[in-house]
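Contents: one structure, followed by commentary.
Chains here go by letter, A, B and C, matching the order in which they are written, and residues are numbered from 1 within each.
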Amino acid sequence: MTIRLTPLTVSDHLSRLRAEPPLVQCLTNAVVTNFTANVLLALGAAPAMTDIPGEAGPFARVASAVLINLGTPHADQRTAMLEAAEAANAAGTPWVLDPVAVGSLPVRTALAAELLALRPTAVRANASEIMALAGLGSGGRGVDATDNPEDALPAASLLAAKYGCIVAVSGATDVITDGTDTLRLSNGTSLLTKVTGGGCALGAVTAAFLAVAGDAGPDGGGLVAAAAATAAYTVAAEHAAVSASGPGSFAPIFLDTLWHLDAELVAERLAAA
Amino acid sequence: MTIRLTPLTVSDHLSRLRAEPPLVQCLTNAVVTNFTANVLLALGAAPAMTDIPGEAGPFARVASAVLINLGTPHADQRTAMLEAAEAANAAGTPWVLDPVAVGSLPVRTALAAELLALRPTAVRANASEIMALAGLGSGGRGVDATDNPEDALPAASLLAAKYGCIVAVSGATDVITDGTDTLRLSNGTSLLTKVTGGGCALGAVTAAFLAVAGDAGPDGGGLVAAAAATAAYTVAAEHAAVSASGPGSFAPIFLDTLWHLDAELVAERLAAA
Amino acid sequence: MTIRLTPLTVSDHLSRLRAEPPLVQCLTNAVVTNFTANVLLALGAAPAMTDIPGEAGPFARVASAVLINLGTPHADQRTAMLEAAEAANAAGTPWVLDPVAVGSLPVRTALAAELLALRPTAVRANASEIMALAGLGSGGRGVDATDNPEDALPAASLLAAKYGCIVAVSGATDVITDGTDTLRLSNGTSLLTKVTGGGCALGAVTAAFLAVAGDAGPDGGGLVAAAAATAAYTVAAEHAAVSASGPGSFAPIFLDTLWHLDAELVAERLAAA
């Protein structure tokens, strides 16, 4: 039986999230930390950016989900990231790895390998990063994806099988796989790539959705929750783009759209396969 | 004689602030530093985010007021915070402590105790944080207040008496006390809790208003200035919420409203007791 | 022959930038990193905020241009800045120094001298900072310019001659010099000083324009490119201010205006001498 993503599944996740807002701990980069917190708040989740050694671990034990994003991984934050990942594992807290610009940059590439070995619940990245993470490419240049999500599917499947994680590859068509089943989503707008953090914030939303994953079993539930996160995020972005005059006006309209996102808008726009 | 907050007092503080913009040094968290600076600029103050060891102290000696916010207290910043608090004390510069998420998180809780012992001019926080700071509660979860400002009044009064500071407890009704007199303000909007930094920026505005406190004596002047800061901030927020479509559009409208905030709008909306 | 800046030259730089987006590495302060990235994206460039030791150098070797901004120079970032400047020099990558609040603050003032000795391609700052950098003034208070760009021309010329760099002094009238030729630009809006990062982001835009500098020779090309950056930035800001209601609405409108900035708008508004 093939897993499919329906509008109802997306709305159900959204309703659960708003009924009991998950506390999403984000250890993320300095550039996008503000936007990421605002995206989580607009969606209905509760962000907390606790990322220092000695606090990141204790917090991960009480958080509903954790995001670890490698965009600007200063020494203290690297220590805190490993602490948080281990605590999340000990507590059974789902956590998401976003290996920003992994590949050619030595510090984060070594850290990404260490974190991957701790088996994140999900990895969210662009195609170039997924290929680099699987050792099948050199990474892009910074956050720019120079490859196509579909081309990264072999790398994504390899990672999913080896580390038992969901892999969400973001792009014009998003590809999300657990190594067995693969979902494809075609919503979104190119304006998301013209606002810094457009991809990074989706990592945090993925963590929030994993925190309210349904009971289709640990694996199936995770795959669907990760896909539902991408769906909610990209449907809202696509809708927001209609009334935006450029990337400046897009950001606040996008936040307002996440705030008002409901079953009707999801049903109207969702393009899932 | 009971101290009361009148619209005229709020406008007078605002006029003084704009006539001679106070230089407000902020040692604050990475998530809200941008929004905080923009709030101060929109209000008419001059922000400076000088927060490294070796500079934080010298700067605090020339600043008009200092904010110390514990949201993401990395090791270097903790050193800089103690340096700034001591220099502010030496120079007679008013300073505000915002003990974000104090209680269960060990690093910041220890730091908050150390800073409190240096006797800040004012403490601004939500009810859960004030109760945790006074040893009467466990703190909330992150920046979420799970308690009511009125319930935190005993804790606030205890802190005010013990450390000789103003304590401003933010919530649906804000409670501001110096341990003897207590002011209550009922302006605001729940959208302030849906934009990251909605509370943190008020700490900076409180510092700015303390810098232009009137001459009702060091204590009475400080209490009124702290209350006037909350009043100006929440009146502007309440007014901005009327034309906002969600948290995304609220933030820029709020900044514009602070920019245009005048005696008329304050008089029209102020709800003080 | 006097170098002049024509609307066509500005548009040509803009066209080259959009045809082949330069990868602009920014080592900048925590307050403005988000706004800076969004300004670069809106303009059509590709930002990357790689600023940790061990990565800043390798990245500077592949980047199209580098910005080093001293707003919040934590210890690790200082190491990364020197690493990036040396790598940029080795690779022939243009780089811009923005010596925020240099003068009275000891850590950044020492660092600025070290970086200046590495001979940046361009220095962008306000008048007070340029005078302090040249040893002819005490610096302002934080990012506030208390001096006039024209008054800083002797200091700017001295720096340009001594270090072989372009010096761009921002203010009501911007003064840009290579020590021999001097260009003056009178576009802009005071709202740029009411949004945090209004000056800092121009440093990043200057780096982006240097990356696509024309072939008028290394020096002439750099001077014109730096002036074209200021022109594009301030023309867009001036136009955006017309429809803004305050600093809150100005920021997104400014980003949208950069996104749509074209030859026609540049020709309509450019005030260069």
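Heads up, the rule we're going with is that contacts are C-beta pairs under 8 Å (C-beta built on N, C-alpha and C of every residue); 3 or more make two chains touch, one makes a residue touch a chain.
Bear in mind the structure is a predicted one, so any value in this text is a computation, not a measurement.
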Category of the chain touch graph - line, ring, star, complete, other: complete
Interface sides of chain B and chain C: same vs different residues, half threshold: different
Magnitude of the superposing rotation for chain A and chain C (Cα, nearest 5°): 120
Interchain centroid distance [CA atoms averaged], chain B/chain C, Å: 33
Shared interface positions of chain B, touching two or more other chains: 30, 34, 74, 251-252
Interfacial residue positions of chain B with respect to chain A in the complex: 29-32, 34-35, 71-75, 101, 104-108, 141-144, 193-197, 245-249, 251-252
Partner chain A, residues of chain C touching it in the complex: 23, 30, 33-34, 37-38, 41-42, 46-52, 54-55, 58-59, 62, 74, 76, 251-260
